[in-house]
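So that we are looking at the same thing, I have put the structure below in C-alpha cells.
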Amino acid sequence: MDKGLQSEGKMIDVQEMIENNKKKTSIGERIEKIIPFFLLLCAGVSVLTTVGILFTLLRESIGFFSEVSIVEFYTGTSWSPWSGKYGIAPLIGGTLLITLIATLVAVPLGLMAAIFLSEYANDKVRRVIKPVLEVLAGIPTVVYGYFALTFITPLFQTFIPDMGIFNALSGGFVVGIMIIPMVASLSEDAMNSVPNALREGAYGLGATKLEVVFKVVLPAALSGIIASIVLAISRAIGETMIVTIAAGATPNLTFNPTESIQTMTAFIVQAATGDTTFGSTIYYSLYAVGMTLFVFTLVMNLIAQYISRKFREEY
Amino acid sequence: MNKVIEEKANINVNQKTRETNGNQEGTVEKTNSIIEVNDLNLWYGSDQALYEVSMDVPQEQVTAIIGPSGCGKSTFLKTLNRMVEMVPIVKTSGSIKYRDQDIFSSKYKQEYLRTKVGMVFQKPNPFPKSVYDNVAYGPRIHGIKKKEVLDQIVEKSLKGAAIWDELKDRLHENAYGLSGGQQQRVCIARALAVEPDVILMDEPTSALDPISTAKVEELVQELKQKYSIIIVTHNMQQAARISDKTAFFLNGELIEFANTDDLFQNPQDKRTEDYITGRFG
Amino acid sequence: MLGQNEQSIKKRMEARVAANKVLMVLFGLATAVGLVFLVLLFYRVLTQGIGYLSLDYILNFPAPYPDKAGIYAGLIGSVFLMIIVATFSVIIGVATAIYLEEYAPQNKFTDFIRVNIQNLAGVPSIVFGLLGLTFFVYMFNFGYTLIAGGLTMALLILPVIVVAAQEAIRSVPAEIKEASYGMGATKWQTIARVILPASIPGILTGAIIALSRAIGETAPLIIVGAATAIYSLPNSLLAKYTVMPIQIYNWTGRPQEEWQYVAGAGIIVLLAVLLLMNSIAVLIRNKYQRRL
C-alpha cells in the first residue's frame, strides 16, 4: 500500500505498525492529559508551603495574643517567658545587634573582595578564588557556631579580657564571615554586568583603575550591590545556630557587643529544646516570635527583589 | 485505509494544479498533488507573515522554495506539518489538505500528521543519544519496541540516508561526536525511520561544508524516488540543481510557482526575475 | 609657567597611581580575610577533632563519657533522613520545574508560583521548623520522628531544587525539542525521552548541592524534635532519630572541654560527607560540560 516498501519487497511497514499501535494510544492520550494535572499538583506544594507557614504563624500567634496583649508584646522591654514577661524588644534588639555586627564585617570585606575579583584579579585567579570563597557559604552553621565558641571567643578574650564566654561580638562576627560570600558573589555579578564600554570611556580619559571603580563601576552596579547587601542582612537576621551556640541565651536589651544576648531565632531553639508543653503560652510564644522574624526577613527579601528588578531594567 | 485516501486523491487529480506536466518523464501519477494549500494566511500575533498562499505540492518530486530571508518561506514550510504552532501566538486561516484531509481539522492529530510529513532542520539537531537511539526515536515513540524490528528500521533508514557504511560500526556512539554533515544525514535517517510520505527540509545544508552539502544534495535526488520533498533554500543554484518545481516567495506572498527550469529561464513575474538575477535579496 | 603646570600634573598623577596600588593591595587583603578564616576554621576543627576520630568513634552510639561517644547514630540518621528528603524534594521539585518550564500558561497564577518559590528560598530555616512542628509533628500526629524531620527538610530545600531543575530544563536546546515534536512525539514523550535525559546532569548537580545544604541544617530539626541521644538506629519512618549536626550541637554545648574534641571529630565526619557530596556534584558537572 505504501510505495517504496513494496518495490523493495520489504517485510516491515513502519507506517502500518504505527497505524496498528494507534489503537493502543488511547492510554497514551489519557496519560498525556493526566500528567499536566499531576505536575500542577506538585507545583502546588510550594504554594501550600507558603500558605502553611502563614497559616501556622498567624493561627498560633493569634492564640498567643489572646493570652498576652499584642501591645505588651511589642512595647514591653523585658523578655522572661518563664516568669510571664513577654516584651519582645530584647530579642529584636539582640537580633539587630548581631545583624549590625555581621553587616559591619561582611559589607566592607565582601565589597572589597567583589571589587578585587571583578576589576583587579585576572581570570585565572578569579576562577580559583570565587569558588573557594563560596565554600564559606556551604559550611554548616553548627560548625560556625562551634568555631565561634571555641576559637573566636577565646581569641577576642585575649584583647577584651572581661568579655564573657557568650557574647554578641563573636557570634555577630562569625555570622559576618559566613555572609561574606553572599555579598561578594552577588556584588561581583553586578559589577561584571557593567558594560565594558563604560569602563573604556573612563580609561580613555586617563582614569586609573581605582577611579574607574569608584566613578564608573560602583555607581553603575549600585542597585545590584545594595540588593546583595539586603539579602545578606536578611540571611543574618534568620541565622540561628551560630547565635544560639555563641551569643548566649540572655534576653538583654543592650548595644554592648561584649554582653550575652538572645536573638529571636535563639529563643525559638531554646524554647523548643526545653520542656515546652504543647498548647502552653510559651509554646504559642514560639510562633509569635517566629511571625515577627518572618516579617523581618520577608520585608528584606521583598526590598532586595524590588531593587534587583529595577536593576535588571537598567541595561 | 490508506487506499481509500489515495483513491480519493485520485479523483482530485490535478484539479488545481496550475502546471501541466513539466520536464519530468511525467506519468500522470507523478503530477498528483500530495499537499494542497488554499488561501493560507498566517499571523504572528498581529503581524501577518503569509498572505493568501495557494499551492499544490506535487507527489514524489522535489519542490524548492526560494526567496529572500524573512519572506515567509520557513514559516510556510513549518505550517505544512503544523510545527509553526509551537509559537503560541500563531493564527492561521485558509486550508491545507494532505491527501485530501484537512490538517487543521480538530479531528486531525498533529502527531499523526508529523509521522506522515517529516522534517529535517536547518541546523543538524541530533538528540544527545547514540546514532541508533536517534534513528530509532520515531518508531519507538510510536510504539514499536521489538529489537529485531528496530534493528531493521535503523539499518534501512541509515542506508536510505546513505550513511550506513560510514556508521555501521559506530551505531552506539553518541551522535554529538559526528561531523556536521554526518549529523545532518543521521537527522535525515531519523526522519526516514517512520517512513513518511513527505519530507520537509528547512535549509538543510546551510550549516554544512561544500562536500557535505554535495552529499546531502545527492541524497535528496535519491530520496525523491520514494518521497515527496519540499526544500527551503536561500541558495538559488541549489534550487536549480536539485528541484523539479520551484516556488518563489516574497514578503509573505507566493509570487510564482513553476517548473524549476521555466522559473529560472523564463520567469513570468518581474519580481522573480529581479530576484533570480540577483537584483535584491 | 607651563613647566610648573606640567610638574603639578605629574605629581597628582603619581599620587593617583599610588592610591590605585595601595587600594589594590587592600582589596586583595580583604579578599584574603575570608580565605584566612576558612583555613583557620578547617585547621581548628582538624586539630581539635582528629585525636578523637577513630573507627570506634564512627561506629559508636552516643555515650555519657567523651572517650566512648560516637557519631554512628547521627551518621546513619543523616543518611536515612537524606533518603527521605531526596525522595520527596526531587520528585516534587522536578515536577514543579517541568510544569513551570513546559506546561505553565503565562498568567498571574504562574507568576505567583514563581515569585512564591523565590520568596520561600529566603524564609529562615527555623520558620520551616515551626511549619513542621505544627503540621507534621502535631496535626499529622507523626510526633518527633524521622518522617516529620524528613518532610520538613524536603520543603526547606524544595525551592533550591526547583530553581536548579528549571535551569537545567531551560538549558536543553530548543532545536532538539523541535526535532522530537517534528517526529510526531507528544509533549510528554518529548519531556520524558528528550528533555529530562538531557537535563539530568544539571538536575543531579543541583539536587546534590541542595541535599548537602540539608545535611548540615540543624535549626529546623531541633524544632521538630530530633533526639540528641539515641541508642539504636531508626527502624521505621515513625522511629526516633538523630542526625550529625544535632549531635555536634549537643556536644558543643557541654561545659567540659573534652566534649569539644568529640564535637570536633563529629565536624570532621560531617565535613567529609559534605566534601564527598560536592565532589560528586563537581564530577557530574564536569562530565556534562564536556559533552555539550
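Just so it is clear, A, B and C label the chains in written order, and each chain counts residues from 1 on its own.
Methods note: contacts are C-beta pairs under 8 Å (C-beta built on N, C-alpha and C of every residue); 3 or more make two chains touch, one makes a residue touch a chain.
Since this is a predicted model, take the numbers as computed values, not measurements.
Steps from subunit A to subunit C, taking the shortest chain of touch contacts, total 1. Which two chains touch most often is answered by the contact tally, and the pair is A-C.
Set against the Cα centre of subunit C, the chain with the most distant centre is B. Subunit A and subunit C have Cα centroids separated by 12 Å. Work out the mean CA point of subunit B and of subunit C, and you get 49 Å between them.
Centre-to-centre separation of subunit A and subunit B, using mean CA positions: 53 Å. Shared interface positions of subunit C, i.e. residues touching 2 or more other chains, are given as 186.
Multi-chain contact residues of subunit B (touching two or more other chains): 112, 115, 142, 194.
Against subunit C, in their complex, subunit B makes its touches with residues 81, 83, 86, 110-115, 118-119, 121, 123, 125-129, 137-138, 140-142, 174, 176, 187, 190-191, 194. On the side of subunit A, the complex with subunit C involves touching residues 28, 31-32, 35-36, 38-40, 42-43, 45-47, 49-50, 52-53, 56-57, 60, 108-109, 112-113, 115-117, 120-121, 129, 132-133, 135-136, 138-147, 149-151, 177, 180-181, 184, 208-211, 231, 234, 237-241, 244-245, 265, 268-269, 272-273, 278, 286-287, 290, 293-294, 297-298, 300-302, 304-305.
Interface residues of subunit A, counted against subunit B in their complex, comprise 1-5, 10, 12-15, 17-19, 21-22, 24-25.
Residues 173, 175-176, 178-186, 189, 193-194, 197-198, 291-292 of subunit C are the ones touching subunit B in the complex. Within the complex, the subunit B residues that touch subunit A are 1-3, 60, 112, 115-116, 139, 142-144, 149, 152-153, 156, 193-195, 197, 225-227.
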